[in-house]
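Alright, structures below, take your time with them.
Presented sequentially are two complexes of subunit A, the first with subunit B as partner and the second with subunit C.
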Partner chain A sequence: MRVLKIHPEKCTGCLRCELACSYTQTGTFQPAKSVIRVSPFEGHTSYAPYTCTQCAEGWCMTACPVGAITINAAGAKDVLDDTCVGCKLCTIACPYGTMFYDPDTRKAFKCNLCGGAPACAEACPTAAITYEETATLDWLGDFAHERTARVLVGGRGSAS
Partner chain B sequence: MATRHLIIGGGTAGINAMRTIREEESTRSEITLVSAERPYSRMVLPYYLDRSIAESHVFTATAKVLADWGVKTHLGRRAAALDAKASVCTLDDGAKVEYDDCLIATGSSAVRAPVPGADGPGVHSFWTLDEARGVIAAIKPGSHVVMVGAGFIAFTILNSILSLGATLTIVELAPRILPRMIDDTGAKLVEDWLTKHGVTIRTGARLARIEDTKGRKRLRFAGASDIACDVVIMATGIKTNLDWLKGAGVTINRGIVVDDRLRSSVPNVYAAGDVAEGRDLISGKGDVHAIEPTAQEHGRVVGSNMAGKDVRYRGSLIINIVEVCHLDVASFGAWDDNRADAAAGLRADRPAYRKLLFSGDRLTGAIILGRSGDIWTSNDVGMLKGLVQTGVALGRFKEHLKKHPFDVKPAFIASRTTHTLLPETILGRPSKAPGDTPVAV
Partner chain C sequence: MTTATLSAKAATKKTTRGARELPGGYAGQLLRVDLTKKKCWAEPWGPDAMRELLGGVGLGAMILYRETAARGGKGNVAWDHPDNRLILATGPMAGLPAWGSSGLTVVTIGAGTNGPTSTQANGFFGTNLKYSGYDAIVLQGQAKDWVYLYIDDDVVELRDARDLLGQDTWATQDTLGTKLGLSGHMLSVYSIGPAGESLVRFAAIQGDYGHVASKNGCGAVMGKKKLKAVAIVRGGKALRAADPRGLVQAADDIGFDLRTDPSAKSLYEYGTLPGVVNLSRLGALPIKNYTTNVSPVDMSRWEAPKLREGFDHRGHQCSACGMHHCHMSVIRQGEHKGAIVDEPEYEGWSGAGWAIGAMSDIDGVAWLNTELDKACLDVNEFGWICGWVMECQEKGYIGEKQLGFRLGWGDIKGAARLIQMISHRQGFGDVLAEGVKRAAEALGGEAKKCAIYTEKGAAPRGHDHRARWDEMLDTCTSGTGTLESGVPVHPAEVGQPTRINTFDGEAVAKFVAGIRGRRHFEDSLGMCIFTTRTRLENLARALNAATGWDVTVPETVRFGRRTAAILRAVSLRCGLTPDLERPSTRYGSTPVDGPAKGQAVGAQWESMVNTWYREVGYDRKTGKPLPATLKALGLDWLAKELWGKKA
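What follows is the complex of A and B.
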């Protein structure tokens, strides 16, 4: 399956992926409705995007009481709007924190890989997000571990 | 001869078990379902109550789906007795069903406060589809509804009641609301929020009786003024549907005691969902959770084991979320462990509260309250679940979380929680989409 591979060291924090995502998913440029999220590290000196891993368990999908989450042609877990009742069980079942809820539509929403042509990967000017045939890994863990540790040592937390 | 599986109870756990049997088996087995009700999801009933969905939406497996799965059904029938030695179940119409293995997934029922008048007209429970129909017929715009009990289930239908244009009063025996879901600080915040949104709350209220006066209901209390209203809903607790199993030789404590394969004390009898006392992921001890995700996971593990796989279950995590008037309230795991090392954060400017509980450098429980749709609230809800579920060693990020309980994401990512989570599955393989169950040929 093709997945979103994140290359955090290439991210400049320009947020184009968030804009592209919200536009493709909702038709409006609203980063608040993006399902890929750029986070700052090291006191805003580095950034990395974070989104659904399309995990093997699909905790969101197996938790849904009405079968509103399915697997689309791209292999992504996808919410069927007409079936979703907005109970939010998926938002609390996804242990990655990548299920969202829209209070306007009262539906859950998530990354569906744009059905096989992810807008974020296309929009990223530095190729920090690529769409590739590869196994999903923890793309950000080491990167964040190193950088967050520096910040903690630098005084915000009491590192020990 | 094909293996004969008997599923007793067609709710969440039973449906998940049947679907998983069909997904996992290598040779076709016989499945018989005995269920007092047609298969539907109870937790979807609040959305039927506020009419955001049609009644047909609550059903989880229609007659056609059951036929596609090749399930022989006894719907509207109850299991009345189990002869575990002979592997025979007797139904309430006298029919007998023989099995090679069986699943008990009969769920729970609502119980009402033991006061005079609790069974009178205009007094409802909200647990089954039938009861939901009763409440739907009773509530009219402008009705005054009194909810007796301020627990999780009561809260799942608050929004619906308000959206029907009813006024709502909540009465609770305990000194505070949501006693088994959040701590005192969280409860106070929710109580203030609800009061601000026009809900009347009376805590520490001992209901004495319910009377009829001029077509309305009158609730009388010990040491407090009466309340007159149109509709009373009793959300005063539930009990497991296990009375029929007395004397069957299956060990029952608070629920049916099960091992890590969800087997009861009788090896070819499994139990799942609200009736099962299974392993709690955090405490490692047996517990009855009575929540949807536990019923789903139990059901799938049983289905896989019935189909001949050998799946051991790590245990279930308590996860609860409810929204009231656009405020999200969620708790996880051992949120009420008063021996835990805890840190809390309360925002002064808006309704936002966090409590994180640690054992060593692992997160074992959390409470989170925040405005609905606040995207960062949603993100943190999932990440806190991930931290509790994996129990990753947080190391120095524990101190960070204790100081900054609203800054979960860096700790989650930098603790390589994703790395720990990625290989985790319940059945030891990727999950299938709900519609992908193999059908009978």
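What follows is the complex of A and C.
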């Protein structure tokens, strides 16, 4: 299956992916409603995006009491708005923090791979997000570990 | 500490009361803050004003004109008067997907010239502000105790900042981030360091680790208002575009131009780093306070790829930007090994390096440049003042006792000591904190003749303008305290030649006047002047897709010239008359060596200025834009106000 592969060392923290995602998902530019989120590492010096890995376990699907989460044509777990009752169980079940709840619509929302043409990958100016046929992995683990370790060692001028 | 909270309800009521639908791209409100009264309120503004003023400097210039006239008489309020406005404005493109679209334009009466200022920075200011629901912040009054402005959507508060006092700008952002529990771009902070607190006349406003609105002492204005910082949480609101697909398409076309057009490609790849070597070939790299234009060191070390690869570096881009411009660097070796610094711009390498004779210690210059950002000093003016002190010491005009220590060419440690003395106004630092012009005038004699400044009180940008007459003319005649026409971008698009003889005063003056207007337009969009290095046609298309307007290329230039005329009116009201539009002795001198050796700008100065006045349609004697010029720009009201019955 094609998945979103994250190349954290290429990310410059411009957050263009969040703009593109929110536009595709909501029709307006509103990064607060983006389902891809860029996190800072090592203080303010490194950034990396993170979104649903479309994990095989599908914790969100398992947890949903009304069967509102299904698999779409792109192979992504997707929330059926008509069925979702906004109970937020999926947001608790997801171990990756990539299920969100929208207080305006009172529904859960998540990455659905834009139905097979992810806007974030298209918008990223440095190809830090690619959409390709590969096994899904923990893209950020090693990167985060390395950057965090450097802060903990605490070189001169390291960000606090 | 008193707080004022804007309720969402109240703000919404105001904006929707009988208003027509807002153009896309706009948040629709200005955030007004009265520091004296400790009040914050949202002021809606409508489609007509948006089309007329756009945002950024267009909006700021009109607010200055309308709100900073001296009460009950002629003239303008001074930079340190409570009625001075500090306008932190973004524009319609901010928060949208065009590259570098988080622009901040600071407009105020600056401490350097005591006249109008327009100076830019980026980072995430514009994005965070727009998603909070505001297009600009307009500050007035003076707080009794130090405060910072906190913005989180509809929660707007003036909070106690006494515990932040004395902290540098990076520490201030660290502290606020920790205190508010927000990291990365979730919080944009623009603040002043010790130099702003001490009202240094070339204090800047620094934000988001390395972005600086640096010109004309805007940081001193913030300091006078006792506003330590503005902290904006990434807002939760939405921005609409009239034609989202058209906007993305225009943004992609702009990106294509930036990546591939020969005039922008090197900026795309290396930001402003190539400037060091390129300008040295023209004699426009300022070396040792304009005393020479011949580099004594191997320039291959200063090539852009080597400057970048000499450090561990990571991209640190502004909102939605694809340029390989802003970077964070980690110093690999030497005294400051491990220090994280903002990769210096060209002007950092020149101001914290070449102008002060530091031409070998690249790591030291990179470190010093960030120290300046942290203290919030303008790197350009620091270069002129530090280089001047070094030359004066060498020549015996400033004694070791007077300064307190020996400061020789290229002494990074000594320069860092000077930063502290200026930032805290210690000893001779108090004289230097007044800026290069006032310090030179205080010393007088031979020392004064060595100093680089304009008679208006501004300092030039980080070049040797004796080899760039266009920028010297622009700096001296500008209504913003810095370049106004700016660097030419696709001049043929506005009917100007692509190449001129840069030492032909007549051609230079016509060119500077001819390209005028574009820069004001760019600085009103909420974008960066590096990501607007594309054809105006593309910018207009992006603006129209965002807003739903039908702005044409001629209209963009007309808008810019209209804004320039309004700033000129404010400038004259501040007492910045045409007799002050000239360079200091050293600034206007003739290079003694290097590529521009013997090119005497002084010999052509008068005729150059005369030509410029004729071309822009301003009155040479009074400096006022002529009635016909104003009317052609649609400024009949200003013609009446400036000329009375003669209009």
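Everything below uses one rule, namely that the second predicted complex is superposed on the first by the 154 of 160 C-alpha atoms of A that agree within 3 Å, B and C clash if a C-alpha of one lies under 4 Å from a C-alpha of the other, contacts with A are read in each partner's own complex, and residues count from 1 in each chain.
Everything that follows uses one rule, which is that contacts are C-beta pairs under 8 Å (C-beta built on N, C-alpha and C of every residue); 3 or more make two chains touch, one makes a residue touch a chain.
Treat the numbers as computed from the prediction; the structure is a model and nothing was measured.
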Subunit B and subunit C placed together on subunit A: clash or fit? fit
Contact-wise, after the overlay, does A:A93 reach subunit B, subunit C, both or neither (first, second, both, neither)? first
**Request:** Classify the contacts of A:A32 with the two partner chains as first (subunit B alone), second (subunit C alone), both, or neither.
**Result:** both
Larger residue footprint on subunit A, choosing between subunit B and subunit C, goes to B
Q) Is A:D142 in contact with subunit B, with subunit C, with both, or with neither (first, second, both, neither)? A) first
Practice problem: Go through the superposed model and pick first if A:A123 touches only subunit B, second if only subunit C, both, or neither. | Solution: second
Just to be sure I read the superposition right, which of the two partners does A:H44 touch: subunit B = first, subunit C = second, or both, or neither? second
Quick check on the superposed pair: does A:L15 touch subunit B, subunit C, both, or neither? Answer first, second, both or neither.
second
For subunit B relative to subunit C post-fit, closest CA-CA distance rounded to the angstrom comes to 7
Subunit A contact set shared between subunit B and subunit C covers 32, 39, 156-160
Interface with subunit B, subunit A side, in the complex: residues 32, 37, 39, 41, 50, 53, 55-58, 61-67, 69-71, 83, 85-89, 91-104, 106, 136-142, 144-145, 147-149, 152, 156-160
As the complex stands, subunit B meets subunit A at residues 12, 41, 43-44, 46-47, 52-53, 57, 60, 292-293, 296-297, 300, 319-321, 323, 326, 328, 330, 332, 372-373, 375, 378-386, 389-390, 396-397, 399-400, 403-404, 408-419, 421-426, 429-436
Subunit C residues touching subunit A in their complex are 95-97, 99, 124, 127, 131, 173-174, 178, 183-185, 208-209, 234-241, 244, 255, 314-322, 328, 330-331, 336-341
Subunit A residues touching subunit C in their complex are 11-16, 19-20, 22-23, 26-33, 38-40, 43-47, 123, 125-126, 155-160
